[in-house]
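Some notes on the structure that comes next.
The first chain written gets the first letter, and so on, giving A, B, C and D; residue counts start at 1 in each chain.
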Amino acid sequence: MEITLAHYLVLSSVLFAIGLIGVMRRKNLLMLFFATEILLNATNIGFAAIAHFHNDLTGQMFAFFIIAIAASEVAVGLGLLIVMYKRTGKIDLDIMTSMRG
Amino acid sequence: MFEVVAFYLFAALTIAMFTITVMTSQALYALTAMAAGMIFISAFFFMLGADFLGVVQIIVYTGAVMALYAFGMMFFDTTRTMVEKRENPRTIFILGVLAATLVVFIFISPIISTHLETQYPLEAASGNSQAIGMILFTKFLVPFEVAAVMLLVAMIAGIVLAGKKMDKSLTLMAEEEIALMGANEAKPDSQEGAH
Amino acid sequence: MEIYLYIALFAPLTGSLFAALFAASPKTSVTGIVASGLLFTSFVSSVILLNYVMAGHTVHVEMMTWIASGDLYIPFGFVVDQVSVVMMMVVSIVSTIVHIYSIGYMDHDKGFNRFFSYLSAFVFSMMVLVMSDNFLGLFIGWEGVGLCSWLLIGFWYHKESATWAANEAFIMNRIADLAMLIGIFIIYWNIGSLQYDVVFSQIANLPMPIITWIGIFLFIGAMGKSAQFPLHTWLADAMEGPTPVSALIHAATMVTAGVYLVVRANPIYDLIPEVGTVIASLGAFVAMFAATMALVNRDMKRIIAYSTLSQLGYMFVAAGLGAYWVALFHLMAHAFFKALLFLGAGNVMHAMHDELDPFKMGGLKKPMKWTWILMTLASVALAGIYPLAGFFSKDLILEVAFVEQHYILYSVLLATAGLTAFYSFRLVALIFHGDERHLEHGIHPHEAYNFMLYAMAPLGVLAVIAGMVFKTPYYEMVTHLLPAIEYHIHNHTTFWIMTIGTQLFVIAAIAYAYKKYAKAVKVDAKVESGFLYQLLYNQYYIPKLYDELFSKPYRELSKLAWKQIDLKIVDATVDGIANVIYRTGEKTHTMQNGNLSSMLRWMVIGLVVLLVLAIAFTVGYNAVTMRAM
Amino acid sequence: MLEPINVSLASLNVTTLAPMLIAIIGALTILCIDLIKGGLHKSLYVMISLLFLLVDLGVVVDFGNVFIENGPVTGMFDMMLIDGLAIMGQVIIVGGSMLFIPLALTSKRFHEYNYPEYFALFLFMIAGFQFMVATDNLILIFVGLETASLALYALIALHNRSKSFEAAVKYFTMGALAAGFFAFGSMILYAITGSIEINQIGSVLAADHYANIGYVLVAVSFMLAAFGFKLSMVPFHTWTPDVYEGSSAALAGYMSIVPKIAGFIVAMRLFEFLVHSGVVWLQVILYITVVVTMTASNIWAMVQTDVKRMLAYSSISHAGFVMAAILIGTTQANTALFLYWALFSFTNLGAFAMLWVSRQKNLLAGQSSDHPFEKFSGLIKTMPMAAIMMGLFMLSLAGIPPFGLFWGKIYIIASAVTGGYTVLALIMALNSALAAYYYLKLIVFMFMKEPVVGYEKFYLVNASLSLKTIIGIAAIGTIFAVVAVNPLLKIITLFVYNSGY
């Protein structure tokens, strides 16, 4: 038996689905952000694997930039959470329903 | 054989860790499980010959991102058990599993292509890091610089949002109040005279 | 000549902008005078152009290019030819008069300046509509008049009913406009141009079904603007607007735009006589239908509105049967006497402090002598009595139907002519003759300002002479462009029997109306109860018998037509559709419940749906390619 | 060891970076000025931003001239792609931003304008959007998109009231999910083509005769979800009304225009070759999405009680309308897209600016949102000029001739008809008739109702001369679009056609 690209892609999509479940399931915004990190990491595995099997560096570059993007998102996301927490004392998304319809 | 064992072992571990991350009600468990998951992912990178990526993964995620999140957890005081209201948990799982199944359904069929061209081949002679460096500062110079701008933006945004000036909202204050506040603050510190 | 074209077109716009400058400031008569003056200039230019066109020339200018890119080329051009000049004359005459009249009518209104701004803007849009040399320009004018009409119907916006009527009119028109836009697109798609001359020269090359669709869609557009069944309900409700508006827009100009469209597109309709027959049949139906509704109504302005509807039906009969010049001729004549009728009704309304029920009036002949004369004149013209305008235009339509051997249409129209005469004079009799019933309500009527009457006078003159004097020169001019078909009944005896018969029938209807409604109601009770009196008063009970036998069921039917069909079915359908849409919105916008979790879930649902479709397609695709191998 | 690489500077075409660099330098200048001397008045920063944007626009226009002569230019190892789409996209982005930034000169003071960083982030965001449209490399698109988005989240939150945090957090979270979709979609495309450059992806797919159709469709599903979010297609639109309501009216107007044109350009690059190469599935899906987006958002707009939310739904509907152009995919349709968006920018920015000038700081008793319909009732009596302006924008949005958007609408519908999508054209026309209802509702409130007591003191409370100027420019653009349509079309057609779309 040999590990093929398909194995990695399946793993990647399984992890992505776990991330999706987390995104839909979490009410605590901090934990929700964890789930979005999982989404991006799942994709990174896929990119690295494709790069390996295609013998091409581009995939690794994409993964590299995705890591950078994930890091920046954390900074802005935490900034938003801090402001919100200072105002409301909570980071639960169920409190944010002042706008609807 | 080693590769097969390693793949399945790390796959199982990563899936387990990330499942804990999204399922547990303890924020601390979630954080540590995610950190572990990230490290296991870097194992894949090493297996796939992406040494540089593996190192970056460990440094950026476990070094920087996790530290930020840990700080956030302390700030938000989320170390105790989280109570989260659940609505239609079944729908969520059906959606998640469905998404995975559908994509996997496609992924198990092999990719048929005769036109794949390698643009930036991995060279056995030089190490991964050198190759990365070479391509990063030629072809991907522009995205690299834009990424730098992006990090700067993220930094400014983070600092501004978390800063002290956000405590009072000029948007909601009447003009007179603002004028009064400006007068008070102008005296001790002219840097803050913007108000 | 081009300069006159531009003056005729842009003078109203200038007037509108001038009045708009003062929109927010208190009333100044200057706005009214300047706007009227500018319209008069427009009228004079139209006359000069008419002279020029009469000599056999036409004016065609291309002001600028609107869109020119790739295969889409739409220049912004105007044409003054035999057809558009007739419309220009009608529009400019009636609007000038209505403007002057409005100076008096809107005297005490706070929105005086605003009113003139809207009214002149309407005239400008109407001019664009009739003078454009392509379908897009026509459509722009078409939307413009719709918009101005909406503003003017809802002019007294503090009245709930006015706002409602304005919206109803606008929305119904939008529905019809949509069909028209589609018709225009089909034309453009198949011919690649919207210029009248190009379209008409190439239309015959298209396959028949496409021409039919074009004809149908354009006609649906015309139906909306001209308030044909089943899109007619807005017209009667539009009477909520100020009366000069009703005179200008809902009698003389905008509602006839539909007829103008059919006349203008005559090369298209000539190719599809079946559609023409449908148009004519619908026209005849509307003529009758509206007339019956006018019989029982007790609202002065609505009666006139239904009458307009009925006359539009006549025009469509003529247009549908291919007698385009007859339709246009009736359009012109009708514009004069119907506008006059409305303006007269406006005088009465002013005198009666906005009372609209003619049963609460009566005997206004004395205090309002001139209004009486003018309205009677208009009614005689409407009824089609020789030698007034209506005789020449309306009876011509009857002749057309007869000559074309559409005997059913002919009989319907003939019967309607009788009804028309009856309800017109019922109105006149109730308002101007008989007891002064209004005294009970403590109203002391007075005649309108003199200058308003002077303004109306030209319309009175036109109502009298338009048929007799204009018919021959009009025919000679307009048949340069429209099919020149003379409608003559060759058998002299038949012709005379028909003409005199129709005249007698109409006169009888008038006489009956006078008899029934012009009598003084207040009589000695003793005499009243006597048998002979009763017999006489009830005309030997024959009317009663007729009433029981024919009229009552008929009146019931008319009422039914108005109340049941009109209000319940047509209105309810329109309302129903609106309600369904609205309720769907109310129900489904809870999707937006403001919760981030469900928003994220919606995104994932969207993704999963896409994935399911993708997989389903892939499986199906693979199965097909497998089989192919 | 690797050989050193010699690259001649001339072959790099460094100038292709010039427009974005100007915006970035502008942002850095603002940051430096603040470091040297803090507490300067916001009008200085507005002027600096305007100045840099003007230079930026000038450079972009200069590229336009070069494009007309030489065709598309690539630079920086083929990373940058300056074609007609990129140039027109940048013109709309920079032009729209120039109209937006003076809206900061309000007469009331708001929190965000006290930060020089606000203006710096704004310029960074523009640079991000410019990178996004001026490349066909998925990495640079992604990085540019994220730069712009992160800045935008911060701009929303800086308005500093609870609704704006709510809006920013919602937008951010959904944006993070959409970023995940984008990354995953790119990964699949990379897996089957070995490339992340759109034109190369296209040629490899064509060379393979779409053998991996399943992979392609899954990738397109993810990409559609990602861009569906950015372009607010139903059901990925749920953020739009909330985010628009939470941010300041000026920023909401900006968001309805500039980020979307960037999204449209990338969608055009990504989807059109697929539509053309006969991926029937994509045509069907786009068809459904366009119709559902237009109709559903129109219906929802009808039941809104707040003008800003109504306009939010209306801009969803307009985006759906324009998305149809990508489905049709002819040169005429793509031209129509740019024409529509240029005209829409003026009208919609004007409409939102009208909300902005009547912004009040605190709600009245019984007032549920910032701009309920009642606030505008009887405006013709209290503020006739404002009512006429607002009425004008509404009529234009409803597509009543001869105002601006009528031309955009008619041109898109015409392109649908010539492209063979007759039924679609019909649905589009029907939808614009439906939409007239809610625009008229506002006009009815303004022109035909009595003023509600209490609101009159808020009319134009926030207006300064520069805001009035912006509204005036928007109104002039809306009214005199008739004259501009033809020359605009000529230029746009030239650019679109020569870029091969």
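What we mean here is this: contacts are C-beta pairs under 8 Å (C-beta built on N, C-alpha and C of every residue); 3 or more make two chains touch, one makes a residue touch a chain.
Quick caveat: nothing in here was measured; it's all calculated off a predicted structure.
Participant: Which chain's C-alpha centroid is most distant from that of chain B?
Facilitator: Looking at centroid distances, C is the chain farthest away.
Participant: With contacts defined as at the top, give the pair, B-C or B-D, that has more of them.
Facilitator: By the number of C-beta pairs in contact, the winner is B-D.
Participant: What whole-Å value do you get for the distance between chain B and chain C if each is reduced to the mean of its CA atoms?
Facilitator: 68
Participant: Per the centroid of Cα atoms for each chain, what is the distance between chain B and chain D, given in Å?
Facilitator: 27
Participant: For chain A and chain B, let me know how many angstrom lie between their CA-based centres, rounded off.
Facilitator: 6
Participant: So, what's the distance in Å between the C-alpha centres of chain D and chain C?
Facilitator: Roughly 44 Å, centre to centre.
Participant: Which residues belonging to chain B are in contact with no fewer than two other chains?
Facilitator: Touching at least two other chains: 92, 95-96, 99, 102-103, 105-106, 111, 116, 118-119, 131, 140, 143, 147, 150, 153-154, 157, 160-161, 166.
Participant: For chain C, give me the residues that contact two or more of the other chains.
Facilitator: 589, 592, 594, 596-598, 600-601, 604-605, 607, 611, 614-615, 618
Participant: Where does chain A touch two or more other chains at once, residue-wise?
Facilitator: Correct list: 5, 9, 13, 16, 19-20, 23-24, 27, 33, 54, 56, 58, 61, 65, 68-69, 72-73, 76, 79-81, 83, 93-94, 96, 98-101.
Participant: In their complex, what parts of chain D are in touch with chain C?
Facilitator: These residues of chain D touch chain C: 169-170, 173-174, 177-178, 181, 213-214, 217-218, 220-222, 224-225, 228-229, 235-236, 238-239, 241-242, 280-281, 285, 296, 299-300, 302-303, 331-332, 335, 384-385, 388, 395, 400-402, 407, 411, 413-414, 417-418, 425-426, 429-430, 433-434, 436-437, 440, 444, 447-450, 482-483, 485-486, 489-490, 493.
Participant: Could you pull out which chain A residues touch chain B in their complex?
Facilitator: Spelled out, the residues of chain A in touch with chain B are 1-3, 5-11, 13-22, 24-28, 30-31, 33-35, 37-38, 41, 44-45, 48-49, 51-52, 54-58, 60-61, 63-65, 67-76, 78-83, 85-86, 91-92, 94.
Participant: Using the touch definition from the top, list the residues of chain D that touch chain A in their complex.
Facilitator: Result: residues 138-139, 142-143, 146, 150, 153-154, 157, 162-163, 165-170, 172-173, 176-177, 179-180, 183-184, 186-187, 190-191, 194-196, 241-242, 245-246, 303-305, 309 of chain D touch chain A.
Participant: Can you list the residues on chain A that touch chain C in the complex?
Facilitator: Chain A reaches chain C through residues 20, 23-24, 27, 93-94, 96-101.
Participant: Considering the complex alone, what residue numbers of chain B touch chain D?
Facilitator: For this pair, the touching residues of chain B are 102-103, 105-106, 109, 111-119, 123, 125-126, 130-131, 134, 138-143, 146-147, 149-150, 152-154, 156-157, 160-161, 165-166, 169-175, 178, 190-195.
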